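You will see subunit A twice below: alongside subunit B first, and alongside subunit C after that.
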Partner chain A sequence: MKLFVHNFMSSRFLKNVTVGYPLELTVKQFVEKDIEFDRENMIVMLDKIQYEALLVAAAAVNQSDRIPAEKPPKWDELSDDQLKQFHHLLMNIDVVDGELICPETKTVFPIKDGIPNMLKVDAEK
Partner chain B sequence: MASFKVKPEHTGPPELYYNEAEAAKYASNSHITAIQHEMAERALELLALPEGKTGFLLDIGCGTGMSSEVILDAGHMFVGVDVSRAMLEIARQDEDLESGDFVHQDMGLGMPFRPGSFDGAISISAIQWLCHANASNENPRKRLLFFFQSLYGCLGRGSRAVFQFYPENDEQCDLIMSQAHKAGFNGGLVVDFPEAAKRKKVYLVLMTGGVVQLPKALTEDGDDERTQIDNAGRRFVWNSRKNEKVVKGSKAWIEAKRQRQIKQGRDVRHESKYSGRKRKTKF
Partner chain C sequence: MSIPTPQYRLQAIRAHDVYEPAEDTFLLIDAIEKDIKEIRSRNPQLVLEIGCGSGVVSTFVNQALGGNVTSVATDLNPHALDVTLETAKLNDIKIDVVRTDLFAGLENLIGKVDVLLFNPPYVPTEEEPRSNIELTYAGGRTGRSTLDRLLPRVPELLSPRGVFYLVALHSNDIPALLKEHSDRMTASVSMERRCGIEHLFILKFVMKESVEAENNTNNTVVVAPLAQPE
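Coming up: the complex of A and B.
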């Protein structure tokens, strides 16, 4: 699971969860891929990103130093090099093994072989 | 898929049907690939995304990622959701799909995304799986509604969701559409090539916010001179039953009751112009 997906995921679909965002992320293992950088696409994605949740994800892979602690005011003013840092964090880091945890119900969703499994709750119900 | 004698959704739950063997078969069958590709392209066209802008799309029931590939080719980004792990594992190994990502989830349990995440959603041959219960605690009606509600939530305002599916019968269409409508979507069916049995393709086009006219369906000759009826497909109908039922106490109702009782051999009054008339108010 790439880190950008974490930014969009929420556990609101569970019963009795009102916000369910951001999900807590624990990472046991991740790999770094090399995905082509595209400035336009990156800006489109960053426009949608919730910065606080991104910081959570960056901390989970110990790479908080890649990005500023405060959200930059305008994405298209950033240089390619700065955007590439974001690109690396969002697209290149692929969590292979870990867990997503609902902040309210503490339901655990395992990430195995890079695919987060959101089905788990079904068995517990 | 229309050529299958038994529809696969009748055999059992999707996560069991699409096991490793079936998933591998599915991914390597060139006929399926070609059709899926074509349908995904059409679905993307029906999404009517603003031109020249990259969109962030949701691919529901992405399977091995054939439709996701179309999304990438068109220059958009995607996240795929599927209930079959075997299919997702194949999709993840595909190097062409590297820039997207996949989530393992059952549609009926809801879309696990935060509000306003996506610019649109497409789904190729997936939603019919939701119309069947595979466990005693599953209610297709509820699952459909919950699915549409959660989808409505995670789409941005003014965006669309396009579902290609093979409807079994009218009831199934009605069920899917009434649940979509309940969840707040506008829209209806676009039927491409309605006259051709094999080429006929049904797309459910759902829109968030605002009533917009449905896109035109494709026909054999590709001309625009189609009749309104074909294009409109079936839209959500309000109170369609109201017209059928006769108001109790009305003249038609009395006459129907009289006829019924004659049939039963009962003793009834003769037909009269006075029956069912309102009495004068008392002096």
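Coming up: the complex of A and C.
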């Protein structure tokens, strides 16, 4: 599971969960791939991203130092080198083994072999 | 210019009760190929397939868009996700998969999906599906039980420039499906084909350009979660 996927996830579908975002993330194992960087695509992707959740994901892989603590005001003002740091976090880091956790109910959704399982019936067993 | 059909390993698909690429799969691929220039002109970034099965359609779309898109695919069946990853790898592309019902747990994709693909279980069936393979086609009495859970959510899931491709049967009531979101989306029959007893349709829904949508760049709107069956 690439880290950008975490940005789109929530546990709002669980009963009695009001926000359910961002999900807590614990990473037991991840691999770093080398996905091709494209400036325009990265900017479009960053427009879809919520910064607070990205900070959670960066911290989960101990790579918070790659990106600023505050959301940059305009993505297209960033240099390629700065954008590549975001690209690395969102696209290159692939979580193999870990857990996604609902911030309110602490329901655990496992990530196994790179595949997150968001099925409620499995999580509530 | 013809885009090649993705490679896939039938043996792996058959061994794991995953829906095998069939006429409906290839009709959906044909419809996308027919429209590929128009889809490219929308400059899509995020593709979501719900119920990806073998992963052949997601792989095709990723390749047809030159690998410049981010593909996410969901399925209930864990074997389908394994096979989808294998199909992607076989064709040297990347797909991220999530095991879930429809898009539950991916609520923050709302308003961001540029291309949405759905080949639901559409065959009218009397009994509840019991096996993985029955789940791939059993659509309840109207053939629309799964579709009817997703369809109300489609306009909010799509980005302002989003497009949605849906596989349906004649018996699913095509005129009613086309009218479903006529206030927010333009719907049309992209392709149709008779295959034995099945009369298959590919329906295409395009978000209507609206001032409201253009101004809605703030994606923090709180939306109702997708209900999962108990």
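Going forward, the second predicted complex is superposed on the first by the 120 of 125 C-alpha atoms of A that agree within 3 Å, B and C clash if a C-alpha of one lies under 4 Å from a C-alpha of the other, contacts with A are read in each partner's own complex, and residues count from 1 in each chain.
Just so it is clear, a contact is a pair of C-beta atoms (placed from the backbone, for glycine too) under 8 Å apart; a residue touches a chain by one contact, two chains touch by 3 or more.
No experiment lies behind these values; they were computed from the predicted model shown.
A.B. asks: Quick one: on subunit A, after the overlay, do subunit B and subunit C clash, or do they fit? Just give me the call.
C.D. replies: Here the two partners, once superposed via subunit A, clash with each other.
A.B. asks: Contact-wise, after the overlay, does A:K48 reach subunit B, subunit C, both or neither (first, second, both, neither)?
C.D. replies: Both partners, subunit B and subunit C.
A.B. asks: Looking at the overlay, does A:I115 come into contact with subunit B only (first), subunit C only (second), both, or neither?
C.D. replies: Touch partners of A:I115: subunit B and subunit C.
A.B. asks: Check the residue A:S10 against both partner chains and state whether it touches subunit B (first), subunit C (second), both, or neither.
C.D. replies: A:S10: touches subunit B and subunit C.
A.B. asks: Kindly list the residues of subunit A that each of subunit B and subunit C touches, one partner per complex.
C.D. replies: Residues 1-2, 4-5, 8-13, 21, 35, 41, 44-45, 48, 50, 91, 114-119, 121 of subunit A touch both subunit B and subunit C.
A.B. asks: Hey, which residues of subunit A end up touching subunit C in the complex?
C.D. replies: So the residues of subunit A in touch with subunit C come to 1-2, 4-5, 7-14, 17, 19-21, 35, 38, 41, 44-45, 47-48, 50, 53, 91, 109, 114-121.
A.B. asks: Which residues of subunit B touch subunit A in their complex?
C.D. replies: 53-56, 77, 79, 83, 85, 88-89, 92, 98-99, 101-106, 109-115, 117-118, 137, 146, 150, 153-154
A.B. asks: Can you name the residues of subunit C that touch subunit A in the complex?
C.D. replies: 43, 45-46, 68, 70, 72, 76, 78, 81-82, 85, 94, 96-101, 104-109, 112, 217, 219-220, 222, 225-228
A.B. asks: Under the touch definition given earlier, write down the residues of subunit A that touch subunit B in their complex.
C.D. replies: Touch list, subunit A to subunit B: 1-2, 4-5, 8-13, 21, 33, 35-36, 40-41, 44-45, 48, 50, 91, 113-119, 121-122, 125.
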